[in-house]
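We call the chains A, B, C and D, going by the order they appear; numbering starts again at 1 in every chain.
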Amino acid sequence: MATPVGIVGYRGYSGAELVHLLERHRRVEPVLLEHREDAGSRPRPRGARGPRQAPFTPDAVKAEGIGLVFLATPADVSMALAPAMLGAGVKVVDLSGAFRLRTPERYHAWYKEPHTQPELLAEAAYGLPEFCRQRVRGARLVANPGCYPTAANLAIKPLVEAGVVDLDAGVICDAKSGVSGAGRKPSLKTSFCEVTENFSAYSILHHRHVPEVLLTSGLEEQQFSFTAQLLPIDRGILETIYVRAPRVSSASDLVDILEKRYAGEAFVRVYDAGHAPDLRAVQRTNFCDLGVVFDASTKRGVIVSAIDNLVKGAAGQAIQNMNLMLGFEESEALL
Amino acid sequence: MATPVGIVGYRGYSGAELVHLLERHRRVEPVLLEHREDAGSRPRPRGARGPRQAPFTPDAVKAEGIGLVFLATPADVSMALAPAMLGAGVKVVDLSGAFRLRTPERYHAWYKEPHTQPELLAEAAYGLPEFCRQRVRGARLVANPGCYPTAANLAIKPLVEAGVVDLDAGVICDAKSGVSGAGRKPSLKTSFCEVTENFSAYSILHHRHVPEVLLTSGLEEQQFSFTAQLLPIDRGILETIYVRAPRVSSASDLVDILEKRYAGEAFVRVYDAGHAPDLRAVQRTNFCDLGVVFDASTKRGVIVSAIDNLVKGAAGQAIQNMNLMLGFEESEALL
Amino acid sequence: MATPVGIVGYRGYSGAELVHLLERHRRVEPVLLEHREDAGSRPRPRGARGPRQAPFTPDAVKAEGIGLVFLATPADVSMALAPAMLGAGVKVVDLSGAFRLRTPERYHAWYKEPHTQPELLAEAAYGLPEFCRQRVRGARLVANPGCYPTAANLAIKPLVEAGVVDLDAGVICDAKSGVSGAGRKPSLKTSFCEVTENFSAYSILHHRHVPEVLLTSGLEEQQFSFTAQLLPIDRGILETIYVRAPRVSSASDLVDILEKRYAGEAFVRVYDAGHAPDLRAVQRTNFCDLGVVFDASTKRGVIVSAIDNLVKGAAGQAIQNMNLMLGFEESEALL
Amino acid sequence: MATPVGIVGYRGYSGAELVHLLERHRRVEPVLLEHREDAGSRPRPRGARGPRQAPFTPDAVKAEGIGLVFLATPADVSMALAPAMLGAGVKVVDLSGAFRLRTPERYHAWYKEPHTQPELLAEAAYGLPEFCRQRVRGARLVANPGCYPTAANLAIKPLVEAGVVDLDAGVICDAKSGVSGAGRKPSLKTSFCEVTENFSAYSILHHRHVPEVLLTSGLEEQQFSFTAQLLPIDRGILETIYVRAPRVSSASDLVDILEKRYAGEAFVRVYDAGHAPDLRAVQRTNFCDLGVVFDASTKRGVIVSAIDNLVKGAAGQAIQNMNLMLGFEESEALL
């Protein structure tokens, strides 16, 4: 018997990816929850059956027997919708930034708006399973990590924990993302003619995903520089991360640290020393691929971290979290 | 002494192309006319000087000594703005569809709105210089042709006039355009993630550019099929045109007809029999390139017609018309 | 117990897609058959396990217990390799053009080389399951259809059979394909800088896929015009097909014909009258999507047919054929 | 009277850009020098006249009255061809890496081949006009800078010279380039299907352009990290450069340093503090655009440097150098 799970915001790119991935899940059945009518449906073949739909109200959600809801909505909408679901006994995986930071003050500083649910903020578990698996298992509310921080933290945190990085020299993360990371709402910045054959940096040094990286990796603000950049592609994030590692003698040392940390992990893959993933290696998968290059004479190293922003950076990781919360195999529907 | 000419709608793609091309014109000076404030300016280097700006009012236009105005605006805006300019003694080249058809009835049928300036509609000269040069020279108001009809008519009209096409079998025009043809206003249909790695047909058989082709080429409605399609590129139109030519014996016969018709024309280029242009051949130029392939045993032929939709399909042809209207060398700023 | 099936040419785009799709098949296990060493492998994560490999010799193929081999190789290679496999009692699905036409003369005329296996040519079953399912079931050797003919025949054949198309006016098929259709071997024509932001026609009227369309659809040469064109995308074919249908009164009539013909078919989907698929609807699926637009006053209609050239146009259809040949569920691994 | 100048390698992307740009030059006439026959010409319209052609021999070059030759050839070819030209009294601008480094040892270390013309290597002037204008004016042989070093040095050198950069923390240059930088020769790495919707790093920390940056900027090897990455676009380089500047208090301080250094320069443009160029700002221009973002609390800054790799990164800068060598206006044909 499949468990019904709801998706709010199913027309957006992350929401649509959730629906697509859940169609292969053997233990759950996706239900589209209609939060508000919007345009932009695509023509469908005659007779094509999609998932069933239901109105997004606590009563309807209960009546459908829905045990968990994904919120693929903007942060302010997630803040408004989460309490009613939790109040109705429904677990929530939120894909927005609403519940990722620790305090209302920090949220206010980076999201430029007051947080309206400080108690839920305090309660939420941060859903990076490779580092927070236990808390996720028992959580009612999981804050699914941002796409950029997922790729950054999986690369940086093991090296910082191992103590091999010169923190004073700083960790530089030069991040590039496909356009789907900006969502489906039309805007000039994501119009085809503005993006194609172009490349641009945005939110240089001040992207709202920075505090997520600091929180998880343990880096301090003056130790970290981050730039987000827009690739003329649909999906994928590649981050080029620069470190100084004075006591390391070769790329293999860093590869070893990563491999040990991720032994047994289904979704983090490490490359041979000196090799790096491209985006093709991870698109339409839930993998985070990591490669290391190191120059022994200058003690400077580069870690390349690649994910699909809609999968490991959003919908895939959300399902990974759901699997943990509902007691399923963690990789179900994701391999 | 350079003549000032005004551009309304200079932030759109056609308007920006006008400004870009006019910066090389030795006889005119572009002036940006501010019709209404909108967003979407790009960051500029410090100290970069663009063309001068002026408000869009008859008084300001006169005070600036502007003799001609380009309207790179939607059809309804052009209908509203043209009368005041003409009333102030300023010539107008309109890049919208407002003045391209012959009667208010026909305009209403294809544009789904009533025409508010039927007298100007009757007066306007259709600005396809290769066929209407004389009328353009003396006109106050020129309707710059649509991008699709420009490429279609330059290919079709000489062959229809030569009487070699089997009109009962019909002329099929399968047209593909880059996204800039849809304008700069953000919409889901022109969002990067919807367009990249995709291809789609729209307005199949019912595109509003159809009557322009019929009007100029002399084809009747039941003799012509037209489909518009969206290429995942910024700029360029390529049309693949299918005819039956029962009395023709080789591609060279058709090439000869085209070459004779366009002898002396600066902007129409014909390829050797059996060869066809791609979009690269015409991008960022005012050329329309034509190639012919013919199968002698089946008497079926294909004409490939390629233009840059923003140049020969919009801004370049508009300047070609301006050059005629103001008595300059027709190819000034365009070669 | 999974049946081992072999893939020759697994580094090419069709071959790699076969491997990718077969990894989900519950009844077979892919084995990579090394026909000759070539470059171009991609870096892999440490410990990543791919399918097992074996040398491509009759002995090795027998020793592995392989019952069927896919040849994702050029036509001349397929002709050279097929006999030994069949001689060893191994069934063959060939993805090249080697065995698609009926006679050596016709092969010679279109492929410009003599056919070296005329008996196998005569024996081979053409693998378009929607029309040739019975023959495929009993075949030793299946010629997997070309990508363009698959999309064309599924759209055209039911309408020709229904007798609604004016054959004298002709059927025009304007086809556009992603670059993966040209294979993985580097060439100037498929280099990024030549293709991006470009669009071009090739093999106008003389593409070697034409005789496949004639053979299956029943059209005669003088009734059919075909142009192949290169889209600046990775994968997908969209064909815009023009017909005259004098006795038809609306698009719904044509939709009805298609729907009746494909009732019960898993992989052909028809759209509501007046709607057409884009490539997004079929990419990474084995579907062929069909849409119809019709103009009742001119009796001219357009059928849009869309497939993924690597799936329904190659690897997916090959697996569909394999499923029939080996007695599995026809849609296994394909839905 | 126009001076004839020769172009060797005119079918490559840099060579073709040279021809394109020189067609607007009022003082020189391009002559295509046929070094060896190769494939890959594009179809041309009938009657289209290109530049005249001549064989590439000292006699022919003299007979044509050619005073300067551009070598748009690989480094080994440039080394082989330059001596004969210089011996015939013809000046040379070489676009390869053959003459950019200072010693044969350094060349051997980075290019993995011995240098066959050590005396010319010693004689050659490095052609970054903004820093080496005087030497270029008097040179017989100019080594046109690499594309990556041009963007890097114009951003870094003024800041290093001003003494504001913490050299121990290091300067990180994360560089992204369009595919035309890899040349026109077909290869799997630059095939459309491998590049589109992809992004990848290559030559991480070990690109052969690194020593050019060190040589010009004055940085030492352990102070500099460089990664080259392939954008799925035709043309453009954007470099994101990370520095620590402990004594600087705002982005404006860095902007001021850049503006003062480049006052009077025609081709380096600086943006307002906090703003950065995208590639659109520089494509098809000879500009290098520079933008600065700085975080006062962490003393970390980012400089974004953007050029068109085929113009300021190759053909445009080569013409800038030619203008200096032949005594023309430095910006002729480039604004």
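Definition applied: contacts are C-beta pairs under 8 Å (C-beta built on N, C-alpha and C of every residue); 3 or more make two chains touch, one makes a residue touch a chain.
Only a predicted model underlies this, so the values are computations on that prediction, with no experimental measurement involved.
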**Q.** Any chain that touches subunit C and subunit B
**A.** A, D
Q: Work out the mean Cα position per chain and let me know which chain is farthest from subunit A.
A: B
Q) If you average the Cα atoms of subunit A and of subunit D to get two centres, how far apart are those centres in Å? A) 39
Q: Compute the distance, rounded to whole Å, between the mean C-alpha positions of subunit A and subunit C.
A: 37
**Q.** Distance between the centres, which are taken as Cα means, of subunit B and subunit A, whole angstrom
**A.** 46
(Q) Among all residues of subunit D, which ones touch two or more of the remaining chains? (A) 178, 194, 196-197, 232-234, 276, 280
Q.
Residue numbers of subunit A touching subunit B in their complex, please.
A. 13, 39-40, 178-180, 184, 186-188, 190-197, 232-234
Q: Enumerate the contact residues on subunit A facing subunit D in the complex.
A: 168-170, 172, 174, 176, 178, 194, 196-201, 204-206, 221-222, 225, 227, 229, 231-236, 238, 240, 242, 244, 276, 278-280, 283, 293-295, 297-300, 302, 304
Q. Which of the residues in subunit A come into contact with subunit C in the complex?
A. 42-48, 196-197, 255, 259, 269-272, 275-278, 280-281, 284, 287, 289, 291
